[in-house]
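What follows is subunit A paired twice: with subunit B in the first complex and subunit C in the second.
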Partner chain A sequence: MTLYVLRRLALSVGVLFGLAVVTFFMIHLVPGDPVQLALGGRGTPEAVAEVRGQLGLDRPLLTQFGDFLGGVVTGDLGLSVAQNAPVTEIIGQRLAPSAILIVYGLFVALVIGVPLAIIAALRPNGVVDNGIRLVTTFAFAMPAFWLGLMLALIFGLSLKWFPVSGYESGIGGILRTLTLPAVTLGLSLAVVVVRTLRSSLLEVLQTEYIDAARSRGLGEWRVVGRHALRNAVMATITVLSVDIGFLIGGTVVVESVFQIPGAGSLLVESVRARDYELVQAIALIAGAAVVLLSLATDLLQATIDPRVRLAKR
Partner chain B sequence: MSTATLTPPARPSAAGRLLRRVWRQPLPVRIGGVLVGILVFAAVFAPLLAPYGQNDLDFNAQLQGPSLAHPMGTDDTGRDVFSRTLYGLRIDLAVVLFITYVPLPIGVLMGAIAGYFGGKVDLVISRIIDITIAFPFIVLVIAIVAIVGPGLTGIMIGVPIVAWALYARLARSEMLVLREQPFMLATTALGYTRRRAILRHAVPNLMRSSLIYSTVDLVVNLLLLAGLSYLGLGMQPPNAELGTIIAEGQANLLNAWWITTLPGLVLVVFGVGVGLIGDGLSDGELRGGGA
Partner chain C sequence: MRSSGIAVAGGLVATLGLTACGGGSSGGSDPAKFDAAGGTAVAAECKAAPVKGGSLVYSRQAETQSLNPIDLRNGNGDIFASELLYNGLTRADPKGGDELLPGLAESWEVSNGGKTYTFKLRQGVKFSNGDPLTAEDVKFSLDRFGDPKINQILSVVAVGYDKATVVDDSTVRVDLTEPVAAFLYNISIFPAFIVPKKLVEEQGDAFWKTPVGTGPYRLKKFVRGSYIAFERNPHYWEDGKPYLDEVRFNFASDSNSRLLALKNDQAQIADGVPFSQIDPLKADKNVVLQQTKVPQFVGLWLNHKRAPLADLNVRKAMQLALDRDQIKNGIFKGAGSVPNSVLPPLKYDAGADQVPPYPFDLAQAKAEMAKSKHAQGFSTTLQYPAGYDYYKQLGLLLQNQWGQIGIKVKLIEEDGATGTDRFNSGDYDMTIPYAQFTSDLTVPDEYAGFLADPASGTNGFFSNWSDPAITKMVKTFATTPDEAERAKQWPVIQKAMLDQTPVINVINLPSITAHRTNVCGTDINALGADHLENTWLTTAKASR
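Up next, the complex of A and B:
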């Protein structure tokens, strides 16, 4: 186990370093000039040079990279020119709503996805299974921002059950303001949960130990709930860990639809404000979050299932 | 034993053969094909089908509900939502084709190279793939759009820079199996150059699964493009694009539901159509000869 943890840890550190390299060099490799953009494309050569000096972009590339990397390690991601405040401070204030939204969305996806997957797997190719497949096909094709607007129209503006924008903290406030966004985010993920859990349940239900459990006269609930689900859940955890990036990316759109002051809507605001330092930092933090969360799920899997840590040795 | 002389049956025309092959597919694939076919037709012939120009203002017909004159109603400046949706779909599909099928061959080639050579080449390419995929897709694309500047150009540069990695990962894992196949070993025995072995013999075999995966990617990219435009980072107003039409309708969500709802439904129908086709193909039920 220790060996597996160390190997997995080393891999994550490598990818984290790679993320830092990409976010830093992107600005130099991708065609386009954020300094010109920041000046509205009408900057005189002198003005461009001055802004470049302010941002330290006129120094040798490797010096800049060294400083950037040092800053990343010490938690200093530079200064936002547009807001005149440290980038980490600005982002820090906006992380909580995003984190809560992601957890809530994941919860919604599981609450909707797991029961549907079980029902579908119990009678494969039956009427219910085909119905669920049709619904998930539709849900997959829905743009998240459009789904959010439709939910806002029905449950916010027409039925007035929830507010359609803004964010309040506290349990009551979160339930009021984040339920519609979490359902928006969770529905698209629930599709993935239903599909993978259904197919891995189908596989497990054909194995001999399930036959054995049934022949011992155990009830169907017990066979599926206690015996089959445990083995099928691994595939779902794997898929969820792959989809962490999708969840984090989804918050960008969903937060903008419901005007939630989170890190996702901050990203969009920063692009509009041409605040490149902030964009860079958010991209890096989002990438790091994905790497760390998938590390966590891998370790969780290795703890639950010894086959994982033994196979990858 | 029949004694009748064997006359070869008349070969049907290419279009006829295609139609017959499509018709032999499972029902969901046929339904999907019809849905996508209608939308593609509408998009290609948008200038002929649209009853109004995409930016024709009509201040005598603001915020009108769906009617015969305006099948999808009008927006707050009296523009015909149906016409805007047709033009929007046209630009959307064109951009989506570009951002899906430009990274595909690049990714397949990179994956093929990584899988064929193994060793250090594989290590370098695989790490680049890992790092690219580690970022949340949309976040990395937005970061690139931030450098290039908002607009379709930004998206057409940003998405391929990220999206090749998915195809590369798929192609690499297949190449690891493929390179042990007798016909690939034969390319070495026959003294073919590596370039010829990869480009002529490996890549055509790797394309199939990438092309099937690309049907999912088409929908994902369409939703991404509409999403970015909705956020104001894609198509710039006043020109029509499905995401921007929906965004513009948001202000009148309650009193003019059609501006946001109906163009969104077009996206859903396209996604369902492609999804039905993709499901049918990946089930291995592609009938009617080799693909």
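Up next, the complex of A and C:
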């Protein structure tokens, strides 16, 4: 197990290095001058040259890349030209809202998805099953932007249960301000949970050990909830782990709709401003999050299902 | 500024009285209230004496990123925050209009043929930490303004600055290397705001995190990417002002979020109201729309290195083929005005009777094309900023209107950074370089200089156009200290530029803000900056 984790971590470093290379050269290839943009388009050529020199943007690309990698190792990610502040300070303030939003969104997807999947699997192809599939697919088909606005209109503007936008920290603040965004994210993800869980539940429910459980006179909810679910949930975990990347991407739109000061919206602003240092740092952090979460998923599967032998993989 | 997916959803959302497109974010002179339902009742309440207290939330399109007025990073997002924290020696009239009022200087004298300005400082002014404003602070701040190594963002307004000298405790003299007619205007805006010498020198960059100024509010809390909160400056120099205890700018780049917050009373003012929202908001009895004349326009730039566009007959034909009424009513929902200048509306502009705008006259346009060297027509491209529904619509309309005189226009949607890059390097045929194209000053000196004075170093504002006769007139205008003389000179330049039409002003645009009916004193100056020291809430007592 330890060996496996170490091997995976070493592999992750390679993946992240590749990501750093691609991000660095892609953002530098895109037209647009960060210094000219930061100076608002009215900077004289001398001023632009001076700032470019101060930021080291006049050095060869490979030198800049080397410096960036060195910075990653030492934890000094440089200065954001667009915001005139250290990258670590800016990102530090914007990571938490995104991370909480993603976790909360996943939670909502599970809270909605798991019971619906069980209900659907208990009466497959019945009216309820078809209804659940129709409704969740409908939620999935709606763009997050549209769904978020509708939720804000209904639960914010009309019912006044939640603010229509903004972000507050603290448990109360998070519940107030991140519930609608998390529901927006969670609803579009719920269909994934329902579909994968329902089909694997149906499969598991036809196996012999379930028949055995039933024949022992266990109640249907107990059979499904305790015995079948544990085996069936593996596929859902795998799919969700793949979807983490989707979730991180999805926060960009949701953060914009609800004006949450998260890392997703920061990435969009940074690309727009050609803020090289910030773009590289956020892409790397998001990449690291995906790689580590996928490792965590594998470990979780091994814990849930002893048949998964990580070390021998 | 938003993704294409969002723009698509915009059409659907519009049916609910919301939209997904962006809009301008400034305000300005001659505030003309829209005919909002309930407007009369609001006006009556606001005629009462202002009430002190309460907090105001302002939902803003542009995020604040820097509190250093000489080192801005995000345009209006930083400028509007600086306007609350600091003052200059002079200031634009809070009520709008292009006249200047005394700011931290109570009076001034001009001597030495317009090369020396002597300022008498206002007595008893204190910074928000209680320290008195001194002549040394003023000299320090103006010297920073005049130093191109410090004033990197807008050194163009420091043209001709030589040095400041402390004459006595309440007098500062500024010497210029040449007469600069717009000098008082140049020092009314952010790079010349006055800051405390001692603290800036002692604290260095750290000062701008918790800055101290003489403005009506002081910093309370700044959460990057989310909001910035200000509280009343108890030492502010205008008697009894500001009225509000607290002002908070919530950053909301998405126009739907701003308007939802306004409708929900989560914000009491919102800026950058999209044109498509004018009609739905007029019907909302809780909201007042405020349209303000600012030096903002849809500037369509022509590259004179492209042969057809260097042809005067072609340029005139293009002006004559524009149906600006259709553009104004169809795209900008009646907001905006038909220009009689190639620049945005500026001080000294002559009216349409003296300098008539180009009429929409297809027959005459075709005649101009026939006279040109490109009578058979030609193909060209037009770049415009991505993410704005109204630029997309405008591009299609221009394609159609110019198609009728044989000009085939290919549309290219560019993101802001790429568009600016190509504009600055002259890599375009025709371009709308900025989504919000606004002069920094209400006087013509800055934009006329960019366009016609090679000394600006912008190569005809990146159009590659030059006209020695107009250059000479602009240079004379910029160095003529006498106001009456300037007012006589400008209309001649305005007409000469319009005749030459080096670039095209498609339409003048106002800035549109919206506020709830309990908000009074929503003064906006001619550059679009709110004067929140004059703002008060009719509900202040109830809310306290």
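In the analysis below, the second predicted complex is superposed on the first by the 269 of 313 C-alpha atoms of A that agree within 3 Å, B and C clash if a C-alpha of one lies under 4 Å from a C-alpha of the other, contacts with A are read in each partner's own complex, and residues count from 1 in each chain.
FYI, a residue touches a chain if its C-beta (ideal position, glycine included) is under 8 Å from a C-beta of that chain, and two chains touch if they have at least 3 such contacts.
Every value quoted in this text rests on a predicted model; they were computed, and no experiment measured them.
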Check: A:235 contacts which: subunit B (first), subunit C (second), both, neither?
Finding: neither
Note to self: Tell me the contact category for A:69 with respect to subunit B and subunit C: first, second, both or neither.
What the structure shows: neither
Notebook entry, point to check: Thinking of the overlay built on chain A, is A:44 touched by subunit B (first), by subunit C (second), by both, or by neither?
Noted result: second
Next item on the list: For A:253, decide between first (touching subunit B), second (touching subunit C), both and neither.
Entry: both
Check: Just subunit B (first), just subunit C (second), both, or neither: which does A:261 touch?
Finding: second
Note to self: Output check: A:160 vs subunit B and subunit C. Expected answer is one of first, second, both, neither. What do you get?
What the structure shows: second
Check: Touching A:291 in the superposition: subunit B (first), subunit C (second), both, neither?
Finding: first
Next item on the list: Using the touch definition from the top, say if A:94 reaches subunit B (first), subunit C (second), both or neither.
Entry: second
Note to self: Looking at A:140 after the superposition, I want to know if it touches subunit B, subunit C, both of them or none. Which is it: first, second, both, neither?
What the structure shows: first
Next item on the list: Report, in rising order, the residues of subunit A that make contact with subunit B in one complex and with subunit C in the other.
Entry: 30-33, 37, 143, 145-146, 149, 152-153, 157, 253, 256, 272, 274
Next item on the list: Would you pull the subunit A residues touching subunit B in the complex into a rising list?
Entry: 14-15, 18-19, 21-23, 26-27, 30-34, 37, 137-138, 140-146, 149-150, 152-153, 157-158, 245-246, 248-250, 252-253, 256, 267-268, 270-272, 274, 276, 279-280, 282-283, 286-287, 290-291
Notebook entry, point to check: Which residues of subunit A touch subunit C in the complex?
Noted result: 30-33, 36-47, 50-51, 82-85, 90, 93-94, 143, 145-146, 149, 152-153, 156-157, 160, 163-167, 253, 256-259, 261-262, 265-266, 269, 272-274
Checklist line | Contact footprint of subunit A on subunit B as seen in their complex | finding: 127-128, 130-140, 142-150, 154, 157-158, 161, 219, 223, 226-227, 230-233, 243, 246, 250, 253-254, 257, 260-261, 264, 267-272, 274-276, 279
Check: Across the complex, what residues on subunit C touch subunit A?
Finding: 1-3, 5-6, 8-9, 12-13, 16, 18, 20, 63, 65-66, 68, 71-75, 148-149, 152-156, 223-227, 250-254, 256-257, 260-261, 263-264, 266, 415-418, 420-422, 424, 434, 440, 457
